[in-house]
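Just dropping this structure here.
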C-alpha cells in the first residue's frame, strides 16, 4: 500500500464523480424542443433504481462467492446473513420509492411518453443479472413479445447473462451447502426417523383429543378428523423420497430431497447455536423473495394506474406481464414451503445428548 | 352545552377507557394451561387492526353522508378529499404493521394456532362494513367454504350488513355526483364532440409523423401504424354509449356512461379551479383501492409464509382465497381506467372563454 | 420539432446513460490495494442522495419560477402544490434510506474511513443550493471549522451560491405573494378588525365559563384564568404591527407583518374555494421544513452511532454540528407558528356575503 | 390441560373481545353536545398507542425475566434478540403512525382541544413503565410542572412504578450479564493488555504514515498529527479504570468499567460464534434507544406544528419538554459510545488458538 496516496486529499465531489453522474440526465423532450418537466423525474428515478441494482448485485455476488467455497466458513454464514439483510433494507427503499413516481399523473406522463418508445424496463440488464444470480431459470420467464427475454440486449450483455446462467446461482449454492449439513445422521440419531415418529405422535394425540371431546357435535368432529387425515397424507407424502423426485421432475419443487430435509432440520432446531445463522440465512432468502415479488406487484399497480389498459412503453403488453409476474417468479418457494412441515415445539422431544453437544458451543460443552 | 362539565377535570386514563381496553387481552393458550408468549402479539395486532377499521369506517361514513346531499356543497368535496387522504395514511400504517406480525415465526405460531379454530379474519365485521361502504357487491365476493360470506355473522350483524348493502355505497354516491356535473354541455360547447375531435387530430398527426419518418424501417412503421390503429379502435369503442351499456350489463364496467364521461372531463381539465377538488377526490378513491389491494396481497404473502400450503385458521382454504383476492376486488377500477382515455395536453386545445370563466373563480372573472 | 428524431429508436441503456452512471463508482480502498466491501455502499448511497437532490432542486427551481411572476396564475399555485408534494415524497425516501446505511457497522466503516479524509457531506453543493433556494440565510448557518460554509467549494460553485443567495428564495417569493393577497380589505370588511373582535369574544366567553363553573376549585380556577390571561397577552402582542417589526429586526421572525396576517387569513378561511390551494401551499412548505429537519436529525443519529464521540470524516466536530443543526434550521418557522393564532371555528362567524362571493367560484355565484 | 375446552369453538369477535374494545370510544365533544369529527381519531390513535405499549412491555418483561437468571442460557440470548427485534418493528409503526395524526389540522384540533384539559400524554402509565423497565432513572427525567413525574398517577400505579424502579432494569440486567463475560482473561490472554497494544500499534503506524507523506503540506500534517494526539489521549483516558469510576460518579456514564470492557470485547470479536448473539443484543438495545428518541422527536415536531408556541393539553410547557427530551433520555448511551473505542479489523491481530476454540462451536473444535 502506498502510504503517500493514502493521505492525499480527496473531495466529496470528485470522490463521488458527481460531475459525471450529475450530467447524465438528458431529457428527450427537451432535445426535441418540447421540454416536459416530469421527464427529469422519470430519468432520475430509473437511474436511482439502477444504482441500487448495482449495489444489490455487489452484495449477492459476494454472498455467492462465500458459498462457493468447498467448506463454507462459519464466519461466512454470518457475513452472508448481514449482507442479505442489507439487500432487504434496500428493497424496502425500492418499494417505498414507487410513491415518488406515483406523483406523476397519467396526464403528465402523456407529455413525453411517446418519445421513449421502445425503451422499456425489460431492458434493464442489472435486473436480469439479479434474477439469474438469485436463481430464476430462463424457462420460467415471460417472453418479450414472444421472444426470449434476452433478445433486448447486445451481444456483450447476452454473453454475460449466458455465463451467469451457467454459473451456480445462489439457490443452487445454498442447495449444495444444505446437502452438506452434517447433523442429520449422528451415531444412533437419524433425523428423518426421529421426525416421522414425532409427527405420528402429534397426529395420534390430536386424533384422540378430537374423539374424546364431548362438547363438539359429531358433524364437527368428523370434519376435524377429515382435516387431520388430509394433514396426515400430506406429511406422509412429503417425506417420501420417490415422491419428491417426481415433483422435481415436474418442476413443482426446485431443490433436492436431501436439501429439503436439511432445511426442515434447520427450521426445527434453529435455536441450537450452530443452526442459528443457517436459519437466519434461509429466512433472509425467503424475505428477499417476498420483497422482489412485492416490488413487481407495486410496480404493476403503478403502471396500471398510469396506463389503464394501454400498452407499456416498449410495446410489451404491460399489464398482463406485470400482473402475472407477481405470482410466478418465486425463486425460493421451497424455503417458504418448509413451514408446512413444521410441528409444534411441544411435539418435538429433546435431542439426544451427543447431538445437542455437537450443535452447541465448545465452551458450553467443556464447562457443562 | 353544560358549561360546568366542560371544565370538569378529565384524566388520560379514563378518557381513553384504558382500564377496559387494556384488560381485553385473554390468551387462550394461557387459559388452557400452556401460555404461548406470541399469542399476546396475535391478539393485540388484531385489536389494533379493528380499532383502525373503526376509524376508517368513521371517515367513510362521514364522506358518504356528505355525498348523500342533493347538491354536494363545494366545501364538502374538500372535506371529503381530506378525510379520504386520512384513510390513505391509515392504510399505509396497516400495511406497515404486517412486518410486526412477520416477527412471529411459523414455529412460534404453531404453539397456539390450534386453539384458535375456527376463528378467522373472515369474521371481521368491520372489514365487511368497509368493503360494502366502499362499493363491493356481494356477488363479486369469494365464498366462505362455499357459503355466502355473511354466514359467519350473527343475526344482528347480518341485518346491519344487509341494510348497508341496500344503502348507496360510496361508489354509487360518487357516480350520482359525477352524473350531475354541469359543465359537459354549455352553450355551444359539447364536451364529447370536442373530445372526439381532439382525439382524431392527435391520431392523424401521429399517423402522418410515422409515415413521414425516413429513419424508420418499413417493418417498424407498419408496426407503429398497427398499434395506432388499435388505439383508434379503442378510443372509438369507448366513446360509444351503446357499447358502454353492453359492458355494464356484462359487469365489465360498474359506472354509467354519463359518469364515465364526467370523470374523463374532470381528469382532462383538472387544473381548472372548480375541477381541482373533484379530481383529487377521484384520485383518492383510486389510491385507497390500490392500498386495500396491497394490504390483501401483503396479508396473503404473510399467511403463505406462516402456513405454506396448509389451511388458514378457520378452515378456509387460506392460500387460494388470499392469492385470488388481490386481483378481484378492485372497486374503483373504472376510475383507474380513465387513464386509458387521456390525451396529451398539447393535443387539448384551449377551452372556450365562457366555459373557462364558469370553471374559474368569481374574483378572477370580475377582475379579468 | 423534428418529426424524424421523434421516432428514432431509443434504448433504456442509452436513454439513462447507464454506461456512464454505472462506471462512476471507484472504491478508494480498492485503488489503495485493500478493497473494503462496504465502501461500495458508501459511494452508491451518496450518489443516490445526490441524484435525489438534483431532482428536488429541479422541482424547487420550477416552483420559484412560478412564483416569480408578478401575478401568480391560479394554475401555478396548483402546480406548485403538486411539485412540493413530490419533494415531500422524495424526502420520505431520503429518510427511509438511512436504514440502509445503518446496515454498515462502525467496525466495517473503520475499514475504509481513513481513506476518505477530508471529504465530508459538508461539501455537497446541491444540498447548499437546496437550502439557499428554500430560504436559509448564510448568517444562520453553522461554520465549517469556524470558516464560512462555502469555503469548501471551488470558485465556480462559490459564485453560483453567491448568485443564488442574491436571488429571491422561495421564502421571499412566497412572502411577496402573501403580501399581495387581495381579500384582507374588501368594502366594509377589515380582516384584522374582524379577527380581533372574534378573539375578544372567544376569550370573554372562556373567562366567564371558568368563573361560573362550580365543580372547579378556586385554586384551579385561578390557574386557568392565569393561563387565559397569558393567552390574551399573546394574541394582543402578536396583532401589533410595531411589535412585529421589532421581532423582525431581532430575527425572531422572518416574514413581514402583512404576510403574516395574510397567512393567518388563509389558514382560518382555508375551506373557501380560492384559498384552498394557497393553504395547501403553506402546509407543504411546513411539511418539507419538518422533513429536512427530520432528515438532519436521523443523519446525526446515524453518525453518532457510527462514530460515538469521534470526529466526522472531514475534521468537522461531527456530533455537535449535527445535534444542534436539528434545532436551528427551521426556514418556514413563521408558517409553523401561525397555528398559535388560530381560533376555533365556532368562534369564527360567517363571512360577509360579498366577501364569500369573492372567495368562491364564478359558477356558484351566478347560479346561487 | 383440559382436552375438552381445547376444541371448543371460538369466534373472532369474542376471542378479541371486540364488543368491549370497540365500545370504548366516547367523544367528549359529543357528550357536551358539540360533536367534533376529529375527536374519534384522537381517541383511537391513543388507544392504538396504548395497545402497542402493552405489547412492548410484554416483550421487555419477558427479556428481563430471561436475563434475571444467574446463568443466562444461550438460547435465551437468541430469544431476547428476536423479541427486542420485534420491539424495534413496533417502534417503526409507532413512528409511522404520527403521519395519521398529522392529517388533523390545528384548526380541527381547536374544535375539541379545550375539552381535554388536563389530560395529557404525561399520564400514560404504560409509557412510564416502559421507560423504567428499559432503565431510565427518575432523576434524569423532566418534571411535570415542577413536580415529580409520578404525581399524575393514583396510589396503586405509583406503587407499581415504585416497585419497578426498585427492580433491576434491562440496563442493569444486561450490565450484570456483561460483567459475567468469561473470555476476557483466559490462560495467557488478557484482553485489555492485548487491546492497548493493538491501539498503540495502530496509532504508531498512522503517525509514521502522516510524517512520511510528501504530498501533504506541513500545516496539514500538523493538523492530522494533532488529531491523532487527541485520539491517543482519548483512548488512554477511556482505558483507565479510575477515570471511568470518576465519570460514573458524575453520571457521565452509566455502566461499570468491567461491563464496558466486555461490551468492547463483544463488538470487536462479534464474528466469533459465541459472541454473535451477544453482539446482536447490544445492537438491538441501541436501535431501540434511537427509535424511542426518534419517536419523542417526531412527536415534539407534530405537537409544535399543532400548537405553535402554545402549551400542551395538560398545562405542561409542551414544546420545551418535548424538544429537550429528544436529547436527554438516551438510556443505552454507553453502548452507543462503544463505537468510539473500535479499531479497524486490520489492526486487530488473530486471537490465540485456545481462545478462538473457546469462542467457537464444539463441532468445529473436534473436527478441526
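Each chain gets a letter, A, B, C and D, in the order it is written, and its residues are counted from 1.
Here is the rule we use: a contact is a pair of C-beta atoms (placed from the backbone, for glycine too) under 8 Å apart; a residue touches a chain by one contact, two chains touch by 3 or more.
Worth saying up front: this structure is predicted, and the values here are computed from it rather than measured.
**Q** Between 0 and 180 degrees and rounded to the nearest 5, what angle rotates chain B's CA atoms onto those of chain D?
**A** 180
**Q** Starting from the Cα centroid of chain D, hunt down the chain whose centroid lies farthest away.
**A** The most remote chain is B.
**Q** Averaged over CA atoms, how far is the centre of chain A from the centre of chain C? Could you give it in whole Å?
**A** Here the centre of chain C sits 39 Å away from the centre of chain A.
**Q** Calculate how many whole Å lie between the centre of chain A and the centre of chain D, each centre taken as the average of the chain's C-alpha atoms.
**A** Chain A and chain D have C-alpha centres separated by 31 Å.
**Q** Counting only residues that touch at least two other chains, what does the list for chain C look like?
**A** In chain C, the residues touching two or more other chains are 5-7, 9, 34, 114, 117, 224.
**Q** For the complex, give me every residue of chain C touching chain D.
**A** 34, 106-107, 110-111, 114, 117, 206, 223-224, 227, 231, 234, 267-268, 270, 286, 290, 293-294, 297-298, 301, 304-311, 315, 323, 326-327, 336-346
**Q** Quick one: which bits of chain B touch chain C in the complex? Just the residue numbers, please.
**A** Going by the criterion above, the answer is residues 3-9, 74-75, 78-79, 182, 209-210, 212-216, 220, 224, 271, 273-274, 276-277, 357-366.
**Q** Would you pull the chain C residues touching chain A in the complex into a rising list?
**A** 1-2, 5-7, 9-13, 15-18, 20-22, 24-26, 28, 31-34, 37, 40-41, 43-48, 50-52, 54-55, 58, 62, 82, 85-86, 89-90, 92-93, 96-97, 99-100, 102-103, 114-126
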